[in-house]
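Please read the structure below before turning to the comments.
To keep things simple, chains are lettered A, B, C and D as they appear, and every chain counts its residues starting from 1.
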Amino acid sequence: MLDKFQPLSFLIQNHIHDGDQIAMEGFTHLIPFEAGHEIIRQGKKELTLIRMTPDLIYDQLIGMGLVKKVVFSWGGNPGVGSLHRLREAVEKGIPTPLEIEEHSHAAMACAYQAGASGLPFGVLRGYTGTDLAKENPEYIKGVTCPFTGEKLAAIKAIRPDVGIIHAQQADKKGNIKIWGITGVQKEVVYASKKVLVTVEEVVDELDTQNQGIVIPHWLVTGVALAPNGAQPSYAMGYYKRDNSFYKQWDEISRSQANFEEWMNVHVLSKSVNQIP
Amino acid sequence: MLDKFQPLSFLIQNHIHDGDQIAMEGFTHLIPFEAGHEIIRQGKKELTLIRMTPDLIYDQLIGMGLVKKVVFSWGGNPGVGSLHRLREAVEKGIPTPLEIEEHSHAAMACAYQAGASGLPFGVLRGYTGTDLAKENPEYIKGVTCPFTGEKLAAIKAIRPDVGIIHAQQADKKGNIKIWGITGVQKEVVYASKKVLVTVEEVVDELDTQNQGIVIPHWLVTGVALAPNGAQPSYAMGYYKRDNSFYKQWDEISRSQANFEEWMNVHVLSKSVNQIP
Amino acid sequence: MEYTKEEMMIITASRLLQNGEVCFVGIGLPSTACNLARLTHAPDIVLIYESGTIDTKPHLLPLSIGDDILAETASTVVSVPEIFNYWLQGGKVDVGFLGGAQIDKFGNINSTVIGPYKKPKVRLPGAGGAPEIASNAKNTFVIMKHNIRAFVEKVDFITSAGYLNGGDERRKMGIPGEGPQCIITDMGILRPNPESKEFELTSIHPGISIQEIKDNTGWDLKISENLAVTEVPSLEYLHVLRDLQYRTSIAHTHSQK
Amino acid sequence: MEYTKEEMMIITASRLLQNGEVCFVGIGLPSTACNLARLTHAPDIVLIYESGTIDTKPHLLPLSIGDDILAETASTVVSVPEIFNYWLQGGKVDVGFLGGAQIDKFGNINSTVIGPYKKPKVRLPGAGGAPEIASNAKNTFVIMKHNIRAFVEKVDFITSAGYLNGGDERRKMGIPGEGPQCIITDMGILRPNPESKEFELTSIHPGISIQEIKDNTGWDLKISENLAVTEVPSLEYLHVLRDLQYRTSIAHTHSQK
């Protein structure tokens, strides 16, 4: 294994700093839970967290009081209801006040694309007549087509300090393979200044004949082996989504006290898996 | 086979009209020669032809006097030299004068993306200090980032009347599969008002586990079986690029008279392959 | 055969979908209605989820928008930017099928906040794909349970544009899609008045009274002159729906770790 | 061992490339030089062609930018919009390697027309990927045969920006890449003066005279105070290059129909 392969604890310690803007992506699929848990264990704080769908992992980071601001486009527990920690932080400042920067999915995907493309903004036909645009003029602006005169929405590019993704496989050079729902995994890798990847498995050679995307190794800052690192979300070809746990989370996270107790037992008292 | 499957002659006759804007794409790979030859045989004229790399097929259409305007970003015989029919049409109006609309690859890819995305224009950081922008202000304009004030290039979206591509396979519903270099095949399909596809083979079921892109059947206006329909370019998995013929074309196409003789023998006197 | 109000709502919604249509599907009730249509009268309906899964044919309902079953049964899976750019904004979607927390008489939907945006009483999950589905799909259908808190005179926050303040305001603002064609509830079907674009009751479900609907609607609901009574769910639809929901609940209850 | 002027040019160019660099490669001479570097001192150089083929390792030279051999030996193949947006414009390319028909003393390249644009004397193939390679790659290298028609005081048409009118004009216009670092010819190596950005002769190939180079340059070429003599091609490089070109010519001559 080359130097690129490091234990997850080492990668988080060396590449994540208090106050960083971090994007941990994975659209329902391949959510980097293990990496998120290690950030919690290391107590990185004052974070700005970027993610289209915050999901349980950001609910946990927010509930632990590590987050200053969240940038998102849909902040619920999919198919279940609210993210209670996110909601209580926004509504009541528990455990700490939380700034939000809020988009639609289409706009946020566009902002990632702009970031990946080295452009300062993205263009979409959207937001017309809606209140998100009215309430947030600092990050949703207009731009006029120089050919037709049509007024379109402009969205500021997203360029995270660190992008973190979970993938199915890496080869020994650190090339990464993802298949199934790829969401904005590619865009977050291209848009981020540093890129950390956790993987289910390290293989001798990636099967490039099969469907999926390859992230070339020289775009990757560090790789850590983290089997089951996306649970309770899923990794196609490895394990299924634990829908039952997503439903249980509604109860676990409803009160701050109950949440903290659960985190103590299930996250804080555990140590990260390491490459043997 | 459903109604979507028709002989190529039928598809060209019914869906291509004199004066249409047509994009026949395929970036070196999968160039729809057979479809182009059938357009020549049917004598469709006053065409505006759109293609990043006109290649031999547009050289042939131009030499036959069927083209009013060509929209392109690199008009050579790859690795060989000039496209002599295109060049003589531009320099001397032989056999007829030819309007050109000229882009860089990056800008033209961006214009296809804008068309595919239903936007009136695309944005890129390009053209700064170059004469293409100075000479062509009607289709290369500027746009200012509303966040940073940076001035970027704006390029008008491409929305062809008809997009034509060649693909490796269709299934019986008309879903299309392409693998290998996919160029802007996807973009031209999404950007075009009508889409015609020629394929090497019709299969019972597409292998969606393998690498490649799938164009869903309901985006496709008509499909024709055309084995070897991309020769002398290539179809990965079926046949290789005939680099030797690309070199020979330099000689064949050097004079209008010689070119016409060759076209008579090799294109005009042949009839299109048909579904049995 | 007896049926619940929710079953009536879902089956009514599914029956409005046509075979062959390309539908951009929200999770929850829209997803249930669309899959029921696919398993009954519309086998060739094309279901697209915002996770990039195109033409999916799940044998049980996904809990989230990106469950593995959607990817496994899709004709093709594309990236999230592609689904929004090339499909939705590119004009390739016939019907956008949405839910929401609040809707008003002009079909504007709120899924963001109850109370002021900067100081919310209830913070809802937010926009997701809804704003652009509502603006860029050729037509939109909405499915929501009828109650006085959800059906309001004016939404607290416009997450997704319906007809805005009514009349031709939506069209004048240059929004490409035609807007919400109907709201299917557990009590009836509401459709917009062709001129004012105010939603009116056009169909009432059997066993529901007009007064009951008015009591559950936060504006002075107009009743169409041609008010219809909605068709009773057939045995076939009830069987297929219950079977689908039963299989789904089994699958989502047992941990798959 | 004897060698041709073209071999000298290609080998010199290849030796300027570093192992591990990400190179965006034009077809023809740049492609030959880059693959020679890969087959000698830079086995981990990453070659990207504008057809979307990333990290290709062809065992013979492609004739076109999209030959099958590029796709077959790539780590991954992406679409053309992606290669230009995410790779080139996204700032992921270290070296852009270009050729051209005309170049001027400030490194501006013409591959569009000889004569006026609207009434060309010679219509050349045009821009292709060059303008954005020249502007968005971190550095650019240029390889061109030295002759008086190609090396001109001022190009007829700026297809790809070098230093424009020299000095800091390029930077002032906001072009992100550093610009052309060197022009490798069959007679020597030219590099820009740090201040004026005018290209000067910094290295001369063995057996070539300064006068010969001046006679083949269309501007009053300045000679660097530290003029070097270029290293003679090693046997290894000559062997590898000739073998590569021989295999290529066999493959491209025989029709593969």
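Going forward, contacts are C-beta pairs under 8 Å (C-beta built on N, C-alpha and C of every residue); 3 or more make two chains touch, one makes a residue touch a chain.
Just so we're on the same page, UniProt names per chain: A, B = Glutaconate CoA-transferase subunit A; C, D = Glutaconate CoA-transferase subunit B.
Given the structure is predicted, the values throughout are model-derived calculations rather than measurements.
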item	value
Subunit A to subunit D, fewest steps along touching chains	1
B-C or A-C, whichever has more C-beta pairs in contact	A-C
For subunit A paired with subunit B, centre-to-centre distance based on mean C-alpha positions, whole Å	39
Subunit A and subunit C: spacing of chain centres that average the CA atoms, whole Å	28
Separation of mean Cα positions, subunit D and subunit C [Å, integer]	57
Subunit A: positions in contact with at least two other chains	113, 118-119, 124-125, 150, 186-187, 208
For subunit D, residues contacting two or more additional chains	85, 89, 136, 176
Pairwise touch network: line, ring, star, complete, or other	other
Listing of all chain pairs that touch each other, if any do	A-B, A-C, A-D, B-C, B-D
Touching residues on subunit D, where the partner in the complex is subunit A	20, 22, 46, 54-55, 75-76, 85-86, 89-92, 136, 176
Complex interface listing, subunit A residues touching subunit D	113, 116-119, 175, 186-187, 190, 208, 213-214, 216, 218-219
Subunit A - residues contacting subunit C, complex	27-29, 52-53, 72-76, 78-80, 82-83, 86-87, 90-91, 102-107, 109-110, 112-113, 124-132, 135, 150-151, 180-184, 186-187, 231-232, 234, 236, 239-247
Interfacial residue positions of subunit A with respect to subunit B in the complex	118-121, 123-125, 139, 141-143, 145-148, 150, 152, 154, 156, 208-212
Of all residues in subunit D, those that touch subunit B in their complex	27-28, 50-53, 62-68, 70-72, 77, 79-81, 84-85, 88-89, 112, 117-118, 120-132, 135-136, 157-161, 164, 169-170, 173-176, 251-257
